[in-house]
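Okay, structure first, notes after.
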């Protein structure tokens, strides 16, 4: 059975935070990922939590971010 | 044991999308369901994901939408 | 690798209700499915909940009902 | 907060079967879906089981198949 | 093996609701918790659902809220 | 973003038991909850187990019971 | 660190069936277990399903049954 | 169908902490529960986490603790 | 409530392995089960893993295999 | 597609107990398994619970223990 | 309690793709991992999905790949 | 909706091992992470397993370790 050569992706797990809400926490994590990773293509929300201090709320969202692996990257 | 006649509901699974955030993606799915389904009563969020392209984020939310089955509908 | 032609089934998700109990709620959902679907063969219980009002209990059971797809049905 | 108009998808749950293996069972379910549904775009494997009879194995795979909802479809 | 004396927390499960969205529903549950509980420190989102009636959406979010147990509180 | 004032609910986790069956065990837990809690509105079944002793069966069902929080209740 | 000698239990997984309902299906599995196993002490419900044929329902319940291991039993 | 009167239990969710390990964190949560709750009978581990600061580890274990409800207790 | 006499099944958990792929690993486990168990009727895939050594892959699949309990078998 | 002959394993589910802690409860279950089973190779922790009575704690750990099936063993 | 020095492993999450099937998608991910990682020892399948376009199927498998951490690697 | 700038964290998945027990296996994984990662702040236990060989037990614990991402790190 010959082996064809399909694309391979990696997922990395990030936690974004925000004082505003979960959508904004997603944006922070995605913006950070874009700074140092090329080829990011999708994310999946794994968990939503929050830290409560004073009268405020810190929204925290855990994402898995997927990106195409280039040939020289370490998976 | 006699059988009483309780109401029966159906759930259908939809994915709403939005460039703005998850709440907005929920609204899109619900608005679409309302166009062709009567009696929708509740939804449950099953998954939140997103597509990343260019500098943008497409928020994607998977919902199960519940509605009362009328007598002539196919479940 | 030739493709053989196996049977294909569809599952649809229903919620049955009853004032008596969960077994009865299952019967309501199954009876309703039988009215408009041929070929139903099995079900799987996904969730059991209830609504409490006055002194009563409405038992609610979520089922996935499986049936053989005929050639002209929309999956 | 204005509502933008994102695409909406539906998922339907199918069970494909095969005497050969799980990949082939996936193909059967996908081939069947393509006959009566336009716009199918992805699937997710939910469960793998099998029926054993005589000396044979019937592989069974449960898939959720996603497709873009057109304006006149019932979700 | 001597027993050291670590802090103990309790979690309580709340459901917040809102006509606006899930972030707002979180704020309602947190605001309510702050009225009668001291020391709340974090929350975890367990479920997101909604009720559909008329043309509106009631967003519902189930949270577990964690707080430090004081000596005289009943866990 | 102004905060509207949505209703807040609490869930408490109970285990009902019965020598007769699971529906009856649900009734015991619900009856007990009604004695000291006002406003209970729904329950969710989390687990079903049983204790076996002599020739008998003690059915045990774990429920989360939801009720509207009044202003002076501790969540 | 010395090892104390605690009791050890085994769990075995059974599926009981009934034409009447899930409680009855539990009794069938438990009755069968009692015929050839001593010391059974508890069970946990893992799954509830059913087979539909003709106008009837066969209720199926999967249980894990726990029992104390005697010295000469094979785990 | 007459209703028999089975015992009812409540579960409450606690987080114990320790600098030593998870068993010790369990003991802290159990010791605290015993101070203000009578009748506690069992616990279930739901989650194990830890906080890392300086060179140390704070072990954190989330437990559900079950106890028999007396007649005058609020569930 | 009279007790009817339904069939009882047992499930046993096996891990099949193969150098070729997951379908083949399923066949190995099923073939082995057939050597010493009569009446096997179905299986459910619980997990897929693999061992990597040298340049090869050992595919490993965990199955639960169900079979009808005969009267003299130990469950 | 020829069938190669891979090794087959079985998993059995045990509950170990200890007055000392979870590691010790694991050792009890493993020690018991070694008395009557050859070839045990690994275990997986499925659940951690405890029984509370008097001032003590009985730690309970549910394990799946895996072992290579010999030719004459019943799976 | 003295600390012994056990081996430490890391897991990384990859998605392999193939036009042929899931086994082949696993091989692509494993082959890619072997190019830039030494010491990979096992993998666990986390998810199976597919993309449907034209008449074809792109099989996608998400794996966690485990490898021994050497002293100078960043976990 | 302006984007505020929240902190972003990454999680990496490690497996610690020990001949002594799970707490010790946690320490090994944490000690290893501290050698090459700054800013590690918390961990979550994902799985506990063990390898059995000779008369010994190798305890294995899978952790996700969270740490603050600095500006120049690759997520």
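For reference, chains read A, B, C, D, E, F, G, H, I, J, K and L in written order, and residue numbers begin at 1 within each chain.
The rule is simple: contacts are C-beta pairs under 8 Å (C-beta built on N, C-alpha and C of every residue); 3 or more make two chains touch, one makes a residue touch a chain.
As the structure is a computational prediction, the values presented were derived from the model and not from experiment.
Participant: Figure out the least number of contact steps between subunit D and subunit L, where 1 means they touch directly.
Facilitator: Minimal hop count between subunit D and subunit L: 2.
Participant: Taking the mean of the CA coordinates per chain, how far is subunit H from subunit L in Å?
Facilitator: 25
Participant: Any idea how many Å lie between the Cα centroids of subunit B and subunit L?
Facilitator: The answer is 37 Å.
Participant: Can you pull out the residues of subunit C that are in contact with at least two other chains?
Facilitator: If we look for residues of subunit C contacting two or more partner chains, we find 12-13, 20-23, 27, 65.
Participant: Which pairs of chains touch each other?
Facilitator: Result of the pairwise touch check is A-B, A-E, A-K, A-L, B-C, B-D, B-E, C-D, C-F, C-G, D-I, D-K, E-F, E-H, F-G, F-H, G-I, G-J, H-J, H-L, I-J, I-K, J-L, K-L.
Participant: Within the complex, which stretch of subunit H touches subunit E?
Facilitator: These residues of subunit H touch subunit E: 12-20, 24-25, 27-29, 31-33, 35-37, 58, 62, 65.
Participant: Of all residues in subunit L, which touch subunit J in the complex?
Facilitator: Interface residues on subunit L, with respect to subunit J: 20-23, 47-53, 55, 57, 59.
Participant: Flag every residue of subunit J that touches subunit I in the complex, lowest number first.
Facilitator: Against subunit I, the touching part of subunit J is residues 1, 3-13, 64, 66, 69, 71-75.
Participant: Which bits of subunit E are touching subunit A when the two form their complex?
Facilitator: 21-23, 26-27, 30, 34, 40-45, 65
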